[in-house]
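To start, I am sharing the structure in question, which I have written as structure tokens.
Note that the chains are named A, B and C in the order they appear, and that numbering of residues resets to 1 at the start of each chain.
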Amino acid sequence: MSEGLLGSEWFRLILGLLIVLAFSQLNALFLVWLERKVAGHLQLRPGPMEVGPHGLLQTIADGVKLVGKELILPFKADRKLFFLAPVMVFMPVLVGFLVLPFSRGLIIRDMNVGVLLVFAFSTITVLAILTGGWASNNKYALLGAVRSVAQNVAYEIPLLLAVLSVVLVVHSLSFAKIVEYQKTVWFIFLQPLAGLIYLIAATAETNRAPFDIPEAESELVAGFHTEYSGMGFGLFFLAEYTNMFIVCAVATSLFFGGWNGLFGISLGIPGVFWFLLKTYFLIFVIMWVRWTFPRVRFDQLMNFSWKVMIPLSLANIVITAIVVKII
Amino acid sequence: MAELEKIEASDRVYSLNLGPQHPSTHGVLRIVLDLDGEYIIKADPVIGYGHRGHEKMGENRPYKQFLPNTSRMDYLSGMLFNHGFVLAVEKLVGIKVPERAKYIRVIASELNRISSHLLWFGTYLMDLGGFTPFLYAFDDREQILDILDSITGSRLTYSYCRFGGVSRDVDLKFIEMTRAFLKRMEKRWADYDSLVTKNVIFIHRTRDVGVIDRELARQYGVTGPNLRACGVAFDVRRSEPYEVYDRLDFEIPTGTKGDALDRYDVRFKEMQQSCRIIDQALDQLPEGEFLTPKVPQKLGPPKGEVYTAFESARGLTAYYMVSDGSPGPYRCHIRVPSFGNLNALNDVLPGTLVADAISILGSIDVVIPEIDR
Amino acid sequence: MGYFKDIIDGGLSLIEGMGVTARRLFQPLITVQYPRKKIPLSSAYRGHIELKIFEETGTHKCIVCLNCEKTCPSGVIRVQGEKQKEKGPKTLTGYVIDFSKCSLCGLCVEICPTSTLEYSREYELVGDTGADCVFDLMLRLAKQVEQREEKKKTQGIAA
């Protein structure tokens, strides 16, 4: 009976869900702390220092504060959609964890369309942002929401084209197979252009600076979440960081060899550590970029996407296809 | 233009209140924007939220008691405003200023100019979304504040100048600190160049954005770096040299197009020129008195009027005072540069994007309390 | 080929910028954790005014000329004096400042004929109400005199 319970699909699903929920929350809290620390040290200041050792518990304190705050519904806002949006932004992010290959065998579900699933669900975030911005009945929020849609439409294309060039080589959409393929050589060495395009597009996809135009603090106050208070804002915030983790985890498995060590040398370190190490390093790079550059204007962003990234990624895919055919 | 008017009539246009509470309006400015999508059709700056009646205050108190007010109009270049007021009263009453005091005032003013420009540099980058240059600039600015703190005892509203000199002499430590600061900045310019000036995103955000050409500048009375950015080398320090500026060798940086990038370049080079001025002034600093002892407690200026212009960090600033022989001015008026500079927005903003509006507003460097007074 | 050159130049400029921030990661921090660490005040620091204690008399030298009260642009200072004898100088009985109005211009310190006003070196002056910003300088002086005497006593005992 117990064997039946452990082996049953339901048990695995519920266990997986619990782990994912716990991990995503802790991870987001840690990333917020990391962001503040990285920002601080890049700017010659220590970042949070007061709550806990080196401010480690700062984000928990902030979270408690957010939970305790009133959820304010703006005048004439669309009540249902207004409260639906933060939930909607967080749910698809969780789904991404289903297929992330933390290590060999440490995948909740190794689907043969794993890559597709992650990107299909991450698109829902845009819908949530649009909903939230529209329901707020605020011009700044609406501007932010509209910008977000325009931006994501433009950036989904090079993102997927970059991913496609990897898929073309491996002939599979399963994360496990893609990672296995990179046992000796990571895709970043075979497909440097696709890797770079993926990282840039992913930064835009997660609305991170220098592509944070939907939030654009100095222009649109807080963009789409201007009117959100308390945990409504908190969920947007958590989703942003969880999204960042997923995007970087996907980059790790697609381009940086997932659980594999460099050139097949794993140094006896478990795969999951390799995976997390690389993911967090990519996250660090994204933070580093955020705290270095000014924000681009949204028409320049579009220009960059349509005139540079899409042609380059298309060229890359054609060349990849030709090379794959010849070999 | 006809096309714009057609859009204006349609109901696609909506208005957006940019301010008075907005992260990047530098004080309490409100701009009412009429938007079509994100394109600005009409921009109307609304001022007056920070009105404290400084001019009126000047009229009902002795000259001396107006001193602390002056540095509170443009709090970012308090020393310069202080300096200008003292110049005006000295001209009105006819007080001679010792040479040493003149040099000290010039050094302090130029330090203040650099600190004002550094703050502009930081906040401008913050308007564009880059947070880190802001803190680097504040690090440098903090050095200036420390230097000025060591002679004035205050970090923002200095009240340092007195009629006939300055309130406190400078010592060797001040000179040392200033020299160290100049040396430090030499390295920092290169850092700022790599971090901002050469940055492709920054260049794209500023090039051809918010062009104020000569004609527009003339119409609105735009002065200071904004005027110099469109190629007019007008600087009060050169055209009507006050204090010892005629003895110092410095260049007036100018731009060509008058866009945000030119304004950035002009201010950036101005900081370097200010460093040059300070360096020379420190070399030439003579010994002697720092405050002439012959100034009476109660000033009784002759009947008449005085107009003194000086170059503040934002442009041509002037005090105009009418004296009726009483201890205080009968009429006190201050010409501030930000007013003209800000009003040029009426013509510059239409046709640009909201994101550009922020960039333009940041690049013309207004201090709203200076306008509101 | 200008197309690719622009992309590459732009990319290089971005990398150069990232180098600037990365270098900062290895530089010492400039933050001073304020309540735990304090930086020395500058010698010119202007706090609120206080009455100076002169060594020879052990107290202030205020002659209640009211110059400070008159010269203050914001009406911060209130001075009270009494004549102890029918004919003779006034003595100071009350010296109150409302620091919330003070603009720290220093005109009072400069105008004082006996130089009995000076700047205090206090800056931790947080209060909950406006009344917390009203300082009675006579009380302050009395306290300081007391402290001085105690210090002298302890020094005397030690000697």
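A few remarks follow.
The rule is simple: a contact is a pair of C-beta atoms (placed from the backbone, for glycine too) under 8 Å apart; a residue touches a chain by one contact, two chains touch by 3 or more.
Bear in mind that the values here come from a model prediction, so they are computed numbers and not experimental data.
In this view the innermost chain, defined by its CA centroid being closest to the centroid of all protein CA atoms, is B. Set side by side, A-C and A-B show the greater C-beta contact count at A-B. Here the spacing of chain B and chain C, counted between their Cα centres, is 27 Å. Rounded to a whole number, the gap between the C-alpha centres of chain A and chain C is 51 angstrom.
Per-chain Cα centroids separate chain A from chain B by 43 Å.
Counting only residues that touch two or more partner chains, chain B has 132, 139, 195-196, 199, 201.
For chain A, the set of residues touching two or more other chains reads 42-45, 291-293.
Those residues of chain C in touch with two or more other chains are numbered 14, 17, 20-21, 30. Residues of chain A touching chain C in their complex: 41-46, 49, 288-289, 291-293, 308.
Within the complex, the chain C residues that touch chain A are 7, 14, 17-18, 20-22, 24-25, 27-31, 33.
The touching residues of chain A, when paired with chain B in their complex, are 39, 42-45, 139-140, 143, 147, 209-210, 212-213, 216-221, 291-300. Chain contact summary for the complex, chain C toward chain B: residues 9-11, 13-14, 16-17, 19-21, 30, 42-46, 71-73, 103-107, 110-111, 119.
Chain B meets chain C in the complex at residues 61, 64-69, 72, 132, 139, 146, 149-154, 157, 159, 162, 167-168, 191, 194-196, 198-201, 297.
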